[in-house]
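Look for subunit A in each of the two complexes below; its partner is subunit B in the first and subunit C in the second.
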Partner chain A sequence: MAAVSTRRLQKELADIKNHGTPTGITLLKADDFETWYLTLEVLGESLYKGEVFALKFRFEPGYPISSPAVQFVVDDKFRAPLHPHVYSNGHICASILGTEWSPVLSVISVCITLQSMLASCKDKKRPPDNDRYVAHAPENPKKTQFVYHDDEV
Partner chain B sequence: MSSDYEYSDNELYDEDEDEMMADEDDESASDMELDGFNDVPVKSKLKSYEVEHISLSQPQVEKLMKTDVDHISGIFGVDAEIASLLLRHFNWNKEKLIEKYMDNAAVVTTAAGITVPEKESSGSSSHRSSSSPSQSQTKILERITPPPAPNEPFVCPICCDDAPTATFNLICEHKFCTNCWNAYIESKIRTEAEHWITCMADGCSVVCPDSFIRTALKDDTSTWNRYQELLVRQFVSCNRNLKYCPYPSCTYTVSCPSGASKSALTTIIPIVTCGASASHKFCFGCNIDADHRPCICAVAKMWLQKCQDDSETANWIKSNTKECGKCQSTIEKNGGCNHMTCKKCKYEFCWVCMGPWSEHGTAWYSCNRYDEKASVDARDAQSQSRASLERYLHYYNRWANHEQSAKLSVEQHAKTERKMEEMQITSQLTWIEVQFMKKAVDEVFKCRMTLKWTYAMAYYLEKGNEKELFEDNQRDLERAVEELSELIESPIDPETISVLRQKVTDKAVYVQKRNEIVLEDTANGFQDGRWKWNVPVEGFD
Partner chain C sequence: MPEPWVPTVDDLRVKLCYICREEERHDSPPNPPVAWVHPCNCTLVAHESCLLTWIQSAQSDSSRAPNALKCPQCGAVYELESENPLPLRILNSLNAVLSASGRVVSIAGLVTVGVSFGLGVYVIFTSYGAYAIQEFLGKELFDILLSDDPSNWPWHAYLNLPLIPVSLILSRTNLLDMFPIVPLFLAWTSSPAVPTTTTALNANFRRSIRGPDDSYPFAPVIHWPPSPIMVTILFPYVSTLYRRYMMRLRHWVMGTQSRNRPPVRRIVWALNEDGPLRVHIGANIQDDDNVPRRGGDAQQQQQGQGEGQQQPQEGGQEQQGEAEPQDPAAVAERTIRVTGASLGRYIGGALMIPRISSFMGSLLLKLSRHSVLLRKFLAVRPPRTAPVEPVSRWFENQDFTKLGYLGQLGTGITLALQVVCGGTKIFADSDPVWWRNSLGLGLFVVAKDCINLLHLYLTKREIETRRVKSRSFAGVDYRELDLITPPSAQAEGAETQ
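Let's turn to the complex of A and B:
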């Protein structure tokens, strides 16, 4: 099925090149069909005004049947946003990346969802179990069985 | 739910012998009819410590499911496939489904993902459909559309194949190519163990019926079989009279109505065995995959919890250490005089009375403040926790010892067996003649498991005559088991083997009897409410 993920990502990449990305989202790096980087910014009035974040997407050959592994980049240039569903190591607790993933979703639609997740945030803080989670978290967020705390945000 | 109704339902199925048994309903769960199973041995005389149960193979459970499905399909006048989806949506609660469906069929079928929600439906139309559900909705669940007309090229939104050979869609008309459906359904079943598979479109809750899944999986029968297993598992988990065998990759189900209610667990220990293997023994009450007789579930759980958590570590600390009166560091005194200086905060105090050393004047080695009330209390508390630790360790050591010995006896047996097989070749003995050891080892293992749990039980039993009798039985069994264990370990040579065989066989019979006495007596005690506990136990007042 490797051909499917490649063909699908080729199509997504062509769409981005032809039609551009929604405002606040830019493609940073997509040199292969395994790992992509995008930047994310919340425009307009929000708690994250002026902050730019980077997202790392990792695709398995089973993509888009299986969900991509998505996390915020944490390095000397980027930080994970301070948000109740984002751990300080960049892992994201969002149901669409797990049980609610649907193969019709795409890289861009994930970005838009995360953008609105940040935009609607009312309280900039880490998840309550951040320290415990980060201390034992696997490198790949897909290996974590998240219990989705609430569907509202 | 009226009994008249149930009765007529029964009669309906009486015509068909095979379908006889399946009418069990959730409320009066205890009287499941089980006449339909002829391959289950009739257990005529159950011991008081045994519980009636029946092992069901996957096809047998499927038959039960089919009866429910046919029942619903008959009442509602819908296809069996739709009836099955409705039941699964309602967790196989027939009464609730019937009530809700009769109330408003359209809402129910939409919520179950069987019909597409009507877009901006006017109140009247949805009302109309509820009154005549069968005809207006038989269009539901159509699938497999022909490939798109050549003038409008179809691109699968998932794999972006612009020339797929065929596409499928559910009634929601979200079209995807067959390969994507196949990969999607396979991954749902294989990796997510999901039996409720909805359309791939984002936010669409239309569900895939069985025939659709079958078609989409093409000739992948192993995934299809897994799907069938998942359906059975869901059915079993929805019925409290049924439990799935917890042993890995076992597909048997056990029905044990008498062990299904929580209140029954104070008087019985529903240890059941599934039909796949005699070693697939588990507790219907608490799902421990072992025989924990003679302990009831609540006591077994408390004991395991106690052994597992560090409450006894804490107890050791309490009995062997004291806290610095100033900085609360934990200090173990392992020698020296009573004049202590805390390593951490340099606080000087007396080990005996825990008061500051400065008040002790010149009484260097004895504390004259020993009997002051505070220190008496502290001393009492400490000796109490010391006693409780000793008590726990008494029971725990014996518990652990039996577990260890049981393991060792199995290892020992493996060695003996090799030796006996050698003897078969080198001497005149037949295979039958060297088999007696196996039975004895099995018996020892079984009895050590019983003994193990008798210590857990004794730990929680209230002191008194009953406990003494219990411990007498325990002692007799223990003695017999130790003797048999010793015999098993005795050296084997062809000259003496016939004597040894006689001894081992006799002892094994005796041990078996003693084991039965322990189990029977405790089981009767639970029935009579004879056992009293020294701690509050769930279900007892």
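Let's turn to the complex of A and C:
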């Protein structure tokens, strides 16, 4: 029996196919209902002009009750954006991916939120505890209990 | 003037669940019908079952709990209706009080350990052990076997006593059951009296008058109450049997199936976390459709419960018979969250055992004043008047060397049997405080488990009867809603009436 997540993700996928994605966001790969890849670009004037990032979404069978595990792809093609809430291994410290997650959110709405998080950035730098975190970080960012520093950035 | 017509969720042409994104058209309702709710002030609607699953899942995690009952869009607070009888509310607040005191115990414990580390963990543990013995055996036996003066203590006291708090705490874990406390207690049941000044004087005085006292140091084999050694040997069996039947009762009450719980995979230390205030159960609250239970809703959490050892609820994954060991939700179910409160309740509860048993014992004693039968059963004796005989006198008078090896062996076995079945005379002659304390502790455990079960049951009922209150679309510009009957037609209809 298909998990709840499958039916919901089928809907989201159909929605993307029918209505397209918002500007700056493209669906890179969604071959199954466990892992999706999307690219993210900040359009207009921003510190990230011309940079393209990739996001990896991992879904549990409990999605959307349980939040997706979202991180920036770090491989030979993509880098994690230099941002005070993004660690160099691609993990993101954003409350909507943790305690503020709500099933009303979707893959696209998470992308849009992260896009605006990048767009509003004023200082391109890593989180202060980047090295310490990356050295001990679990593979899945959902296993980290982030402390959300501030809601503004 | 007719009431202005306000559409509700049932007037929508297409309902779209904001959680699962399933649609339902008004002209093709599913069979059986699924309940929909519009719980807030904006246009979001949802399946009631989806929303309840989300609420329960979010409430089980203290960091997400604040968002559990809020609309993610308009922020309106959902109104839950459920059976929440007074006993459940009382039990919930009791639970909260216990958790709060658990936190205090944790902090106090941390401070104590920190302060006393190099100096005297040993001393503190030992004096706790002595305190526990006094509480459990009663002052009379305590004075004979141990006394307040550590210089009289037998050598094994210095090993035995500090292990008592440790083993009390361990005895509450599943790993060791009641095992470690038994050998510790056994040491005391065969222990001779300590040579305090009074006993020594008494003995010398008596000896000078009547000659050496060579009365047999063991109690008769058959007597009531059973010898402490018998009780301690039988204790693990009784407790195992009890647990098994309690578990059955629990499964029966909760409607769960008994099956082996998968081993705990990981332990989360979240000491500064408050822990959710509710008791979380993953009972069979099965939706009508075949939706598998989701993520956190069936989380078995230790801390709301306080009692680690007996939680029979299975997670949904197991109910469905689909073991998904890799599924994080299933893994989460096997996660014990150790919070400051749960740790404190755990340790504090363990260290309270001697105090509780002594209290229950004295309660039984009070009750026994009104019942001869109970008095007989408890074998209450007046305080001893005769001075204690040091056991060694009898041994001094026996000439073991005259016996052959076989004879020595035989005497040894007889003595051992006597100790096991009858116990030492010290125990037999004293008021068996330990006996009524053990019975009292047993009664306490049974009562506690029953209250616990009642709490679980009421909580289960509360969750089962939950309904999210549906609101009308008042306040929403409902000309924008896709209604079965457009508002203009409604207005016309109202006018023509």
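The criterion applied here is as follows: the second predicted complex is superposed on the first by the 151 of 153 C-alpha atoms of A that agree within 3 Å, B and C clash if a C-alpha of one lies under 4 Å from a C-alpha of the other, contacts with A are read in each partner's own complex, and residues count from 1 in each chain.
Simple rule for what comes next: contacts are C-beta pairs under 8 Å (C-beta built on N, C-alpha and C of every residue); 3 or more make two chains touch, one makes a residue touch a chain.
Quick caveat, the model's predicted, so the values are computed rather than measured.
Peer 1: I'd like to know which partner A:A135 touches here: subunit B for first, subunit C for second, both or neither.
Peer 2: Neither subunit B nor subunit C is touched by A:A135.
Peer 1: Taking the superposition as given, does A:P61 touch the first partner, subunit B, the second, subunit C, both, or neither?
Peer 2: After superposing on A, A:P61 lies in contact with subunit C but is clear of subunit B.
Peer 1: In the superposed model, does subunit B or subunit C contact more residues of subunit A?
Peer 2: C
Peer 1: Show which residues of subunit A both subunit B and subunit C reach, each in its own complex.
Peer 2: Common to the two interfaces on subunit A: residues 1, 4, 7-8, 11, 62, 64-66, 102-105.
Peer 1: Residue numbers of subunit A touching subunit B in their complex, please.
Peer 2: On the subunit A side, the touching residues are 1, 4, 7-8, 10-11, 62, 64-66, 102-105, 109.
Peer 1: Subunit A touches which residues of subunit C in the complex?
Peer 2: The touching residues are 18-22, 44, 50, 53-54, 57, 61, 63-64, 67, 72-73, 270, 290-292, 294-297, 324, 327-329.
Peer 1: For subunit A, which residues count as touching subunit C in their complex?
Peer 2: On the subunit A side, the touching residues are 1, 3-4, 7-8, 11-12, 60-62, 64-66, 98-105, 140, 142, 145.
Peer 1: Could you please specify the touching residues of subunit B with respect to subunit A in the complex?
Peer 2: Touch residues, subunit B against subunit A: 157-161, 179-180, 183-184, 187, 191, 200-203.
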